[in-house]
């Protein structure tokens, strides 16, 4: 049994309950015990670092201090935005012991910061610590037939010197994870474009334009579903979709799911556990593709053979 | 540490030792050790451009600033000079590729050591002067002369030496 | 800190296996606690070997003599001693295969008063860095601390410092014990003694003393390992470490935190350079 | 027209570099950030031009422009910058400087954005965590745009996207104290 | 006992107006050791020199001081005067009282006069410590080794050989020609690369003074200027070149297909191959990594079809030695791999190619018969986007420097594209257009006007796929707008990087290289073709990115340097170099470390007289030492001295003031 310190983030108890729920199911299946940080607070993303200097460090730092007390090796974070704040803060503190000392002594009451805990996003945790092999072994219902576009958003892999995880331009971890579940991950060029999360309330015009472009490209890539790992991305892409459709006068209709929902599905949990009614864009239609395997076109097969023949030395 | 010229009863006093004084019209002697390829050529250019500078400096030519052994500096200060200026090529311009980089390290340590045992840091100065920097050479000499004038005479051990 | 027994055992073994011709260690000097360096050619003398916190000498100094240079020698090295051994090897004065070094993880030696010696308090590397076998538990490298006497002196006004050093140089009697005791002064004929040298004019004057000591310290700049053999040897009790520590500090602060003899093949700060060395003192 | 050469020293550039830890002088105006930036089209001046303005010392113009407030901190630009300049840090730096030096952009959008952030921070101060519906409502009231996104609310409520109740943490008190201390720290500077 | 003669010059009014020369002459007479002190209007004139010669003979002078202008001016003149009078020329010292006194203290005659006297006293003191020195002569082996058979190596070899100096030209691949052979047409004249290069290649092969050794590499270089000894490994070609007629039957019949590196992998070659049809020598070699006969002992078809029986599977590498006096390094360049540009989808999209791939495609003899084709579907592209500075000027992903040639070849590509596909359109994303060269700006104008290539100023931020098109997004900074270009083909102008084997080769040759791997020249401005090691020269992109005209110019400059070096049977050298006092040398080898020229080596000498035991001491290589004195100052035992600037000389100067 692996143990992990869990930071759900504010959305997990609100907009992204389905993420939180399925994450817990999946982790249980994978034999991981999640210990939620008692009495955690909001990390302040993104307002704190936009507006203030000290609070931007202090808010995530309090969580880090609390997390260290649980004495697990890793802290897993559900929301990409929280993850980024936590990582950036940790980097600042580790590189800058004076800053750590200053904030620790002036603002935070809960105890000393030591910098001992490893911060990972839940996707990163699945990919790096659990491993695709283990995940594959738990699959009871292959998702074969489902074409997914994996959307990582900006903060999961960027900036590179903060996250140290996957490529900032064309990450593949979620794609590989989806393929381990049996789904087909399509080529998707907008994997790491920003959806405009921090403007989701204050500047909807921007969000609609950015998210619209992502949806458009995803649709074009032939995916049935967009898979995400962040509640903010999910709500932007899902909740704003009807508005976007209205503005662009096109029908997009592509559901946006959390990777954990698909994992839960592949692990054999019934559909009702996925909390599908929470989605604004209905999911059920897309999931019907599971099991429908398109025959590989003759042409492709041929070229594949030809390529093999060419590369081989006669 | 900015030195100020001190006088008592019309005589100039050494900053290192108040017992050492010189008459008011005292002129310091400065030894300039210049590398042949940049600074010496630069000082020649100062001449051909007729740029005027104080006459206190006496120039010694060496092939490269890396030829300058630190004890030349110690010897100069002990024997005859009130100050020493050593000048070489700018970093990267050394005629002998890397000589001035080695020299730079030795100079820094020597300068600090001399200061540590009681010589004002302005007694020993270094500069990079290229063959094209005639005006700069004049400026450097003027500054060094000015600085050393403020420090007063230096004959700490001279009397017993010669 | 007492390694006497282990060192005696190792020395016996080395002689028995014919791995060495000589062994350099320390022995008790007569009635009091003081020790003296001890060169063993006969294994029968091994029981006289001691090694504890009074073994203050840097024994690598005894490797630079012509008759030990070419023989197989075993010796005991503390952290600082091993750094000078490193330099002697780098500077081709010794062959590695001729030296059997028993490295010590040093806990510091004591001065005459029985207190921990100042250079041990400020020691950067108590463990031997080059050895054939290592005794004790390594403590690892420590942070660099500027010398306390140096600090005190640097804060004094220039006039006082000049005065202080005038007296220091005045008290030098030019006996050259410092350089004879220094493991890194191995020139067959010191530059100061050369006939062709105009370095100093032969007389025993303050200026010649100053010249000799300053030049000496610059020859050791970036090489001195702060073993203080020189200071122990000086009959005039001159604070010779000040010059070395001053140079060490300047070099440490300006040249990539360089410290002498820490690594193999490092000849010292004056024998290499970096493009980014400080330039701000240059006009 | 802009007249240059009147400032003795470009203190603005120095302040930005110090605050952000980046070196704006490294920018060679290739424009990769501009086409990378998802919101450069909404900015008064895209990142490349902001860099140039800082280099020229155009402090007021930079502070009063909406550019820095539109930065989403998505870090796409810095990841692609050939000179590895941390552009989001520069944007954050000028935001903090503008707040410190009391510059307030009159841009309507900027006002909305800053208002949102203020409400958000206020929310955390009160409850320790974020409470979405309340925040949306408050945002709409304070920006005098009562019906913004209202069409989404019923659906969101219905779907359980937004919950009506809110959980306040035990930590709320601790957080309130943190706010006070942080404020004090800023003032003492 | 020293007998010094001092000769003070008026230099017309230049000195006399500001210095009281008679007073100086009188003061000089009182200096210990001075026998003669005289003055003259122009010391450098014939009568002036005669005066010195006469004084030397009459007074049996042991050294001479001329107080006049800078020694950088007339030192040689006066040295000759000394030597004419039978005195060793190095017994001269010059007191620089013009540049250092009369000209710079024109307002203070008293001080200037005093200073002049001081300068003369210093010169006298120094001259007393002067020693007799003699010019050093070093024998020279008159043969040059040229490493690399690209255009740089070819040009250098031909120029040297035309001066009737034998040249050994070695090339690591089976044919000479290098990168230039891969190019289609060349800027700014658009003449065909093959047409101007192949005649030169043929000249190399037929030149009586050139020994061409293809398929070989240097593995060792010993010695010093004029006297190098090179070991060269001739790689086994498995084809006997002396009997092979180059008929090509073997290449036709060989069943093994391998990616063709000459065509950037666009098509295939055989395991026995000549790199390209115009290869010199036009003989095939067997690629041992892919030949099934060599790998598994199966096949041998080439041996069966060869009428001459030239195939020899048992051939092994051979090491030969050549004695050479000079070396020209012309290793050329590689191109940067654009993989790190993930945002462009490099590696994912087939229709993003590099500039050299494009070059091969548009080459008339290339794999696509001169047409640029989309690798994905083989269609002719209409909209082609060229992106410059890929890897260049990009410290985040590539290298900091500008690759110099991309601006020009991209303009050329735009023009070539237009020539090949008339209804195509070129879009060029650039940061700056660097077209400094004869006819270069005009050439760029041609691309902009005649070809109507669209130049967009900005770096591309992203490329993504839409259907079978690539969408290229970048900023048009002039417009201040983000633009997206719908492209069929994207060509990346990848950076020029040093040949990957440069660092090991440089270490082997004993020359230095920079942080990128380019070989370092001796002086960036004044000695751009020499290296710090005398007798080794650099040509072409081995030193820095260069275009063909610059490369050829530098290669010819190398040849001139080599010819100059070989102009006599021996080389004369200034004797002002370091000498070792072995008696006192400790053998610490610090001098070896600091010497910038590797002029110091070690030798073993007996420990004492008649002793069998040996000790190591330093040894100066007279041919290599340049006389900087770094080793002198670094030597703690004072065992090294620099002739002309010895410690006693300098100390005499210091204490005599």
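Chains here go by letter, A, B, C, D and E, matching the order in which they are written, and residues are numbered from 1 within each.
Just so it is clear, a contact is a pair of C-beta atoms (placed from the backbone, for glycine too) under 8 Å apart; a residue touches a chain by one contact, two chains touch by 3 or more.
Quick caveat, the model's predicted, so the values are computed rather than measured.
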{"item": "Chains touching both subunit A and subunit D, listed by label", "value": "E"}
{"item": "Pair exhibiting more inter-chain C-beta contacts, C-E or D-E", "value": "D-E"}
{"item": "Chain of greatest Cα-centre distance to subunit B", "value": "A"}
{"item": "Distance-maximising chain from subunit D - centres being C-alpha averages", "value": "C"}
{"item": "Chain closest to the middle, measuring from C-alpha centroids that were averaged per chain", "value": "E"}
{"item": "Gap in Å, rounded to a whole number, between the CA centres of subunit C and subunit B", "value": "34"}
{"item": "Between subunit A and subunit B, centroid-to-centroid distance (C-alpha), Å", "value": "67"}
{"item": "Centre-to-centre distance between subunit D and subunit C (centres being mean Cα positions), rounded to whole Å", "value": "59"}
{"item": "Centre-to-centre distance between subunit D and subunit B (centres being mean Cα positions), rounded to whole Å", "value": "55"}
{"item": "Multi-chain contact sites of subunit E, meaning residues that touch two or more partners", "value": "343, 462, 594, 634, 647, 651, 655"}
{"item": "For subunit A, residues contacting two or more additional chains", "value": "168-169"}
{"item": "Multi-partner residues of subunit B (each touching 2 or more other chains)", "value": "75, 98, 102, 106"}
{"item": "Contact pairs between chains, per stated definition", "value": "A-D, A-E, B-C, B-E, C-E, D-E"}
{"item": "Touching residues (chain side subunit D, partner subunit E) in the complex", "value": "28-36, 40-41, 46, 48-49, 80-84"}
{"item": "Subunit E partner contacts - residues on subunit A that touch it in the complex", "value": "167-170, 187, 189-190, 217, 220, 310, 313-314"}
{"item": "Complex interface listing, subunit E residues touching subunit D", "value": "343, 389, 393-397, 431, 457-462, 473-475, 477, 480, 482-483"}
{"item": "Complex contacts: residues of subunit B adjacent to subunit E", "value": "27, 29, 31, 36, 40-41, 43-44, 46-48, 50-53, 55, 58-64, 66-69, 72, 75-76, 79-81, 92, 95-99, 102-103, 106, 138, 162"}
{"item": "Touch list for subunit E against partner subunit A, complex", "value": "255-258, 268, 290, 292, 342-343, 345, 348, 462, 464-466"}
